[in-house]
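Chain IDs A, B, C, D and E follow the sequence of writing; residue 1 opens each chain.
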Amino acid sequence: MRNTYVPYPVRIKKAEVATEDKQLKTFLLEFINEQEGEDFNYIPGQFAELSVSGYGEIPIGIASSPTEGNDLLFTVNKVGSVSTQLHNMNEGDIMGVRGPLGNSYPLSEMEGKNIVIVAGGFAVTTLRSTMIWLLDPANRSKYGDITFIYGARTPGLLLYEEEWRQWRESGQANVNITIDREAEGWDGLVGFVPTVCEEVAPKPDNAVALICGPPVMIRFTQPVFDKLGWQPEQIVMSLENRMKCGIGICGRCNVGPEYVCKDGPVFTKAHLDQLPKEY
Amino acid sequence: MKSLLEYVGIEPGRLHFSWISSAEATKFQETVVEVTESVKALGPAKHMIKDIRKVA
Amino acid sequence: MEAVAQKIRETAAKLLSEGKVDCVIGYAQGTVPMRDYPYFAYTPEEAQNLTWSPFCCNNLANFLIRRPKGEIGKVAIVAQGCVSRSIVGLIKENQIAREDVYILGVPSPGMVDRRKVQDRFPLKTITEVTVDGEDLVVKGKDFEERIPQKEVRRDNCYTCVQRNPVIVDEMMGEEGPSDWGGNIDAVAAPWEKLEPGERWEAFIDEVDSCIRCYACRDACPLCYCHVCFVDEAMPQWCGKTQDEADVATFHILRAFHCAGRCTDCGACESACPQGIKVRRFTSKIEKDIRELYDYSPGMDLEATPPLSVYRPNDPQEFIK
Amino acid sequence: MSDNSQYQPRIAAFLCNWCSYGAADLAGVSRLQYPPNIHVIRIPCTGRMSPKFILQAFRQGVDGVWVSG
Amino acid sequence: MADKILAKDKLGDFLGKLQADYEVYAPQEVEGKPQWAPVEESDKVLWDFSNTHTSPKDFFFPQTEIMMRFKNVQDHENGMVMEAEPPLANKRLLFNIRPCDAKAFQVLDLIFVQDEMTNDLFWKDKRDKTTLVGLACSDPCPSCFCTSMNCGPASTTGLDALVFDLGDKLLVRALTEKGEAVAEGLDDAAEADQAAAEEQTKAAEAQISSSVGMDKVNERSVMELYEAGMWDRVYENCLNCGTCTYVCPTCHCFDIQDETQGESGRRVRNWDNCMSWLFTMHGTGHNPRGAKKDRVRQRFMHKFKYIPVKRDGEIGCVGCGRCVLLCPVNIDVRRVVNDMNA
């Protein structure tokens, strides 16, 4: 039986700085043993532990979609010792990946419904995964209208620009990208995510909203959705807490009885209302 | 610090303090010799080393 | 003893009902023998739970600092000699303001080391211990015995040089003789007697049962750093494993951080679940401080701590 | 380390930028010979020195520590 | 399964035989305290003790456990080597383990081994290779409250065999196949001996003086308990040290750290505890359980509400009473649970 604490070896295929403040870097990882890549079955919303030998592991949401092949995409914020070391690594370097971990967005329950995706800052990662998955020809027809709302502080901090431009052009989704303040060369929306949500005003009928972003954004987006008549059951959020084991044992990421790493990270708003606010 | 380390059993000759002005190149050289000799006389350190090869 | 407890209750109730303080920190009787615990009384009724006994082994000064600012206004605190010295230390380190603390002074009777009592009845379960004058009455399932308190006091209480509080707002009993007559310098730093070659072994032998629970640190009124060096991750000074080097680093550095500040209250030793003699490290440092600088922490609000001031005649024999 | 005369200790030397580090520099310029066992760590001032540094050096396996202001 | 009998003076032979197949450990007097140690002489094995000073959980979940070793090797096809630590070499037998401690392992089994992903092989390997022979409690101490925690002085959960101390002889009750293997070759017990064992258990149960109520804790919702006013007082004198968690047989939180030396390194896990401020600290500086109150509440809620909710009513406490005795500030779990239940 496989020891789930031992990571799969992967090679950094591509590593590029993703934002102008150089805080975010996007890594494309390829499995060294092809079979392991085949067996790494994940669903958008799940995360993995990126393992840098000698430094430790960090839980990061998977930004790629299983529809894109076996390579995994991660966008990592430089915060602690592991992520700093990861930022120092180059293409061709070897590291480890452990996963896939956690639950996922309820993609099958969402079938037949309209979907609203709200993302703020670099929390967009697992939602990128979701968008790619939804827009895949094999899946697109199963879902209704797709609205994508994404905001960052400045244009230079927006991730995956090429992709959301393409989603917009393809007309398969209603794509709304916003920045906090006016900036030179930006002709798109300006304003905070909650304000844009108010303007776009997604209808709650037969719909599901996936919201992921910094706590401030969530705090102000919540009332907007309430006002538009959304029920807590329709709102799905993704949490993050400090994690170590990633498999529901080590005891630090729990929010009440639920372990964010195993029972989460995805919870409905209705569920979260029943839990302590320990996140 | 020196006193405490000696108290728990680190040999006195392993830790040295000195004052050398930037003009005292000779004193520097002499002190290096002295420190090195002192540590050499003690042999390799046995305590306080974190050896990860050991099975915990 | 009971008279002191009664006085504490009365004074606490008075202070609380007059609104002079918001809270009285004292001790209440514990649920297991020989373990009276820190208790916070907010109302005159709660003040009736306060007690005073030879089982009050925690240093209450600890609770003056480890709480978010503003959560609590003015407090009264029950303080014997060592606790008052810790309070002096905290005032000097600007952790608390003198006017925010109302000190209910008590002469220390010398606290009982419950491990010494337990050691008299190896593997037996003690169900009840009561104080009867100078004796303890120890009861278990099939035994009952009297032990003179003076045989089972904590080590630091034998050599206490300051049983009466240094600073006080109101005394809760007659001041007693100031010290127990033990000579701290004779027993401090026991390993100095060992050959240098034997010391490391003695040291490791002492700490090898350490479970790194940090009770010694957390029970100590000096260890108030927001991020302790053992918790620092970038860089990591002290590994988190049970390796000899990691455990040794913790104990050496913790002792070192208390240099010139430790009042020898013994809270660390009383807190340790494994019975490690933590004072073997701190007593060495404090002995050095006494010898080098002729200074004992917490005795005087005006004195300058030796390690925070430079004097041209500071000892420097260790520097070449 | 079979032969003790062959034994070369490793010594971490914490040198003050303004004093001993300068002296080391001068020693080099003056072509003074000294043993190569010391590994110099320049610190901005001996006031930066911390007992943590000494313990960390020992933990990482040095045989001696030398602090010089 | 039939009860067997073993004369106490034959214990040496009995344990000697077992030592051929197992590493045998039992509580013995170490530094004046009952503690676990390898059995060298059978007459050192303790019979009259309340419980070991610390819990035997480190047999399965050592305080420091190496998980894997790694080495960066350029010529290896993977560019580096990552190797999990090898499994246990020998079978082990814990003799005279108290039923409460054994019950704790059964609770931990539910957490360490859940499904394909949550499958802690380090834990499982040690569990599989260890046989637990329990010693029924004949003289519970005043801090025990096992009978309130789905456990008891002669509880058999988690054990492979249970021994009753009947003075000059021992009644050995095999409970599993592993236990049968241990009891093999012993004579059958007489009915009178069985009756004596029953008698002893009843007497022990009656002797347990503390009980705590769980009925209202079970009824109340997570949020109702979480928001209860009692937490405002429980945490006051807590030092936030880790004593209670490290002596607890069911506390199982850990931390994972990498350590390196040159090119090679190891990944180790160490016990960690929810009392630590660092435990839940995010990289961003946000801390979901930043206040002492949150952390103290977490420990009790986890044991008495979160685990029961998730694990079909199993309680994350076995009532061994160690934390009651060792807490430096006497935060008595019995009092806390009774407050939760009030």
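As a working rule, a contact is a pair of C-beta atoms (placed from the backbone, for glycine too) under 8 Å apart; a residue touches a chain by one contact, two chains touch by 3 or more.
Here the structure is a predicted model, which is why all the values come from computation and not from measurement.
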Graph distance between subunit D and subunit E, where chains that touch are linked | 2
More Cb-Cb contact pairs, comparing C-D against B-C, go to B-C
If we define chain centres by averaging CA atoms, which chain lands farthest from subunit B? Would you check?
-> A
Geometric centre: closest chain by C-alpha means | E
Inter-chain centre distance, subunit B versus subunit C - centres from mean C-alpha coordinates, in Å = 35
Subunit C and subunit E, separation of their C-alpha mean positions in angstrom | 32
Report, in whole Å, the distance between the mean C-alpha point of subunit A and the mean C-alpha point of subunit E.
-> 39
Which whole number of Å gives the spacing of the CA centres of subunit A and subunit C?
-> 50
Where subunit D touches two or more other chains at once, by residue number = 51, 55, 59, 69
Give me the residues of subunit C that touch two or more other chains.
-> 239, 241-243, 245, 249, 252, 256, 319
Per-residue overlap in subunit A, given as positions that touch at least 2 other chains = 80
If you look only at subunit D, which of its residues touch subunit B in the complex?
-> 1, 4, 7-9, 11, 13, 18-27, 29-30, 32-35, 37-38, 51, 54-55, 58-69
For subunit C, which residues are in contact with subunit E within the complex?
-> 30-32, 35-40, 58, 62-63, 66-68, 118-119, 122-123, 125, 127, 141, 209, 211-215, 217-219, 227, 231, 239-243, 270-271, 273, 275
Per the touch rule above, subunit A residues touching subunit E in the complex are 1, 3-7, 9, 11, 32-33, 53-57, 79-80, 83, 93-94, 96, 101, 215, 240-242, 244-245, 247-257, 262, 274-276, 278-279
Report the residues of subunit C in contact with subunit B in the complex, numbered from low to high.
-> 189, 191-192, 196-203, 239, 241-243, 245-246, 248-249, 252, 255-256, 281, 284-285, 288, 318-320
The residues of subunit C that touch subunit D in their complex are 229, 235, 237, 239, 245, 249, 252-253, 256, 319
